[in-house]
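In this document, chain identifiers A, B, C, D and E correspond to the written order of the chains, with residue numbering beginning at 1 in each.
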């Protein structure tokens, strides 16, 4: 019983981490139609900023708060300078963002010397319930993930921002002809997606430590999650991430981890083949 | 007094190929103006240049007394230009409801959507359907409705009745005549009768140049007209 | 060192092929630095056979196909007399053929590894499973307990090492509760941690590698493994890897290597090279055992000894001499090649992490045999 | 009968777009399909051509049941469709657009060894000339105006020498005069081909069609010769009623 | 801004962007277009002559390097055929390359088969088979599959294969299969050097010509149509999905051929060879050189490999960053690849009425 509870918690927490990472990826993919290969590096930057704050003697949480804003700002600038040219050609966009990611990743690798660096969690230790130990920080991550998810949902469904974004993606010239300032919307959306990645990086760095391939590690998983969930909506990728995250954490409990690893991908791709629209067809938010 | 929309010596085109040559026209503060011409004459190109989707190569475009030829499309639209494009005139993957919502982003008046729905009751039955799956005529209705929601001071309509059922065309015509009493309307239309009923004044384009212009009645009576419209 | 006795014959060329970029660049750069240091030192003391040494460094970039191309540059363009390098086993596998078979050159592999590399003209100067387990595991049983878990990354080194470790564990009265393999980049270990805790494992003999090892140790810690008296053991852990986790999460972790920096306190020669290294290369890239820096030092010095003995530089003569080369001083103590085996005997140390630093808790009495080939 | 579609029902979610519609077309017959917006004309055309799968009903063509056929198979059986929304191949030249349509039925062998290319050239140029596009043969199709793209589409639909041509609002965006010319271009094909045409312009329809079918709200309101339809009370009614 | 968007337009429908200069650059005069049309053969000729002369002027180790590059160019060709011509985004092309490599490595290791007339067909066949299986799964079916689905599907396939190879002991796991015996012909062994170089170059030229013939045929036109609008093509009566599967399989076969040559030339195979790293690399070659022109793929492979070779020599610590920057610059400012410096858009897309047009314009 206790065991099952711990298992459930651990699986859930990993699921939450994947959701957190995929949120930004999903928003950029669904809203802007771009599979951002640099997303992993935005996660990395968020983690790096948190580490820097720590290394400079600032409190960790200050770094964590700053990370989404700084990464978001960077996203805004990059969108205006680079990403903007790619909207009409999604495949070129993949390659362009790949190159961008490569540059960021290798630069950060240079900065941190290719090491694995620990960053302590602001809320450390474990919550003990009887004989069970539950990681306090993982618990915090679950809570924050839920809050962020809720917030994003409200932002996209309850404000006209979401409508503008979807209209812009769907038909930019008509959106302009409807008075929407498409460059601004694109910039804001991309920045928002980047900021979410920055936040994810900041929150997960205490769990996984800082290393240059931190973001890359989750990228393909993220793409698969987006596909499984269904591009075109906010909910889709989030649901996909939940499924992929919990599946990859849960399968090793019942089978050899090496098998579980490949199985997740095979299952995912077969699923997508027979349900190309994804778990949640791309309608609404 | 300057015209509401004043176009002088406009050249425009795509890439390296020029389509409009030295087009000069003026649109008054109120009333309808028709732009006619055979397929490929440059009507759509003219509309796109006015709304800013295509840059003007040369010449000036003044709106409400201000030069707008360097402004972005969305700024022109916010300044009061409404546009119903000939093709791709709806957000295909957005629901009808959202399409209308996009149209009324700048409109504070909550009842405006209802008014559009009374003009086009058909749309009311399709509110949750993605606009891309609407029938051809329904799509046109939606496009017109969306543009009207923005409360434009100048409305550009590029073939608004293409594929629309005769009964509805009638309805649209009446609305446009109504509208033209309070705002300026530019209409590109193949139904000559309809166009000239809405418009007081007409321009006929031929291979990118203004070949003929005048009061609706004059143009209609001009023996040259058919020559410019025949393929 | 202006005039060389045999300068007319031109310099002797030493090739280094290592990971200057990519995920383990920290190790590769340290190796390259060590090589620069050693070569400079040899040149300062008159070179080899009266000839200067010239260093050629190429990047293997953690990408085998790039590596092969670059190694060919060393062999075919620069015509080096010896290549030292490669950190991962897969890299060694990829580049050994162009060096030894197609390139007809001598190859020294400096990293601790799984053993079983018995290719002629390929010499290994890092520790083997026997060297890392023979004394370490009995110590673990005594200072940890009898129940072992072997969580591992799924590649050749852990597989082979575990076979050896299991033998030693069982012959010393220990028991392996489970041995399990994970994808190399797995980062969630909840299922594993659960099995470790619920099976009351005493010693986690870990061969999970970064990036997984950090989260793994953290999850173990959070599950109360250390609190309940469990012991972590990890034979590649050196000063570089201490920072992956917070000190408290790996308190008491035991490692067994040929060198730890704390040895500088007791061993003047170690203090000397450590200081020389830090003077030349202050910064991030540490002189440490797990990144093959010590193996690199040892390898170059053994090769120097061999060249001196052979008196010439052709591959066969040097290989013949290298076969039984010895150095009296090296990182962690003396070292000597086991004749006919192309592996190296060396002293081994067991250290335990305390508050973010290592303390030596045991050492081999003499040179430990690699037991390979 | 060349084409027989019977009892076609098509449901989209809550909406029943077609409710037991039927359409029969004989050899060498020009058949008009009319009805208010959203009455299901395009949907019926798509069900016939295979772009939509009817929820219920049966389509047979040249006496074979083709209900389960893919669009490709239907095209190979001799059907050709012009969509309501123009869909030419934008970056290809007009010439290539037509050429593609012409050689659609060739075998893979012919395609690879291009044995038909020379023979097709004259046909391509004839088509283009007929539709007054010859001087733009080597421009990209994207550079055509909307009306010109309609011409190109009709030319492409005709190119495959179909037994049955399905045209969904081919004259959208054309002036009266242009419509007349289109009608003239269609006349000669009557010798070897039947036509189903959706149009809102009654005069145009009257001029070229033998028979008409009127759809309203997914059902066939009336079907018959042009004069029968004109006399039909309920048809007159929907023309007065607002959609 | 519309300007920039027009410039990246590649296979997207005309309407999306504001203007269409890319697709429309054609409306220049006929004479100019006809003159421009001669550029491609010239480029091809120059590349061929350069390739033929290379071993005569290059040092040995560079000849060996060039051999590798030519094998990679062959690989790039396979991808270009699939993506540049048929619009199928195969983000997992390395799967066919690598599995053929592994296949022939196993033949050599376990069965001692190294005869060139056995191993090369075997590798080709392996590539073909894998491509048929994966292509059949991803491309065939009721609904036309989206570009994004196919790209992520192939990416996932290649990723999964990579992980499988890493985890499978029989395949050498992480370490791969080292020390593959050289390819042989009777008693002769192909070791690295000029002989191997010319062998590979010969194969490249033959495959190139075959591909050229294929894409210039009516079949190529059908592919071009497919790339633009698969559904439309199906409505003409083309068996669109079959055409896609066929070209995908041909691409797989060529990748397999390249993979087996690579395995023997490098003497080892390792998991990356089936994985995402190599898959992305080949995409970069083609994009860099210019997709949709066969010669672009070849040029791209040569330049990317050459530049990284040079960079890793001269900027040892930061070369990946520089490479990334260069890629980004090319993608930003030359989205149609380097070839677009010399090749006009119209010539790139091609026109199948070309010959006739020239005669028509002749006085």
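Criterion: a residue touches a chain if its C-beta (ideal position, glycine included) is under 8 Å from a C-beta of that chain, and two chains touch if they have at least 3 such contacts.
Quick caveat: nothing in here was measured; it's all calculated off a predicted structure.
Number of steps on the shortest path from chain A to chain E, with steps defined by chain touch: 1. Common neighbours of chain A and chain C, by the contact definition above: E. Ranked by distance of CA centroids from chain B, the top chain is C.
The pair with more inter-chain C-beta contacts, choosing from A-B and D-E, is D-E.
Centres computed as Cα averages put chain C at a distance of 40 Å from chain E.
Per-chain CA centroids place chain B at a distance of 76 Å from chain C. Spacing of chain A relative to chain D, judged by their CA centroids, is 48 angstrom. Residue positions of chain E touching 2 or more other chains: 11, 15, 18, 20, 24, 27, 163, 167, 317, 320.
In chain B, the residues that reach two or more other chains under the touch definition are 14, 17, 53, 87-88. Chain contacts: chain A has residues 106, 171, 173, 258, 261 touching two or more partner chains. Contact residues on chain E toward chain D in their complex (touch as defined above): 11, 13-14, 20, 23-24, 26-27, 30, 33, 214, 216-219, 221-222, 224-225, 228-229, 231-240, 246, 346, 349, 351-353, 356-357. Across the complex, chain D is touched by residues 14, 17, 38-41, 44, 86-87, 122, 126, 129, 133-138, 141, 159, 162-168, 171, 190, 192, 226, 229-231 of chain B.
Note for the complex: chain A touches chain E at residues 35, 82, 84-92, 94-96, 98-100, 102-103, 106-107, 110, 171-173, 183, 220, 223-224, 227, 231, 258, 261-262, 265-266, 268-269, 272-273, 276. On the side of chain E, the complex with chain A involves touching residues 1, 4-5, 7-12, 15-18, 83, 89, 91, 137-138, 141, 143, 145-149, 151-153, 155-157, 159-160, 163-164, 167, 276, 280, 283-284, 287, 317-318, 320-321, 323-325, 327-328, 331-332, 335. Residues 3, 6-7, 10-11, 14, 106, 109, 113-118, 120, 125-126, 133-135, 138, 207-209, 211-214, 217, 248-249, 252-253, 256-258, 261 of chain A are the ones that touch chain C when the two sit in their complex.
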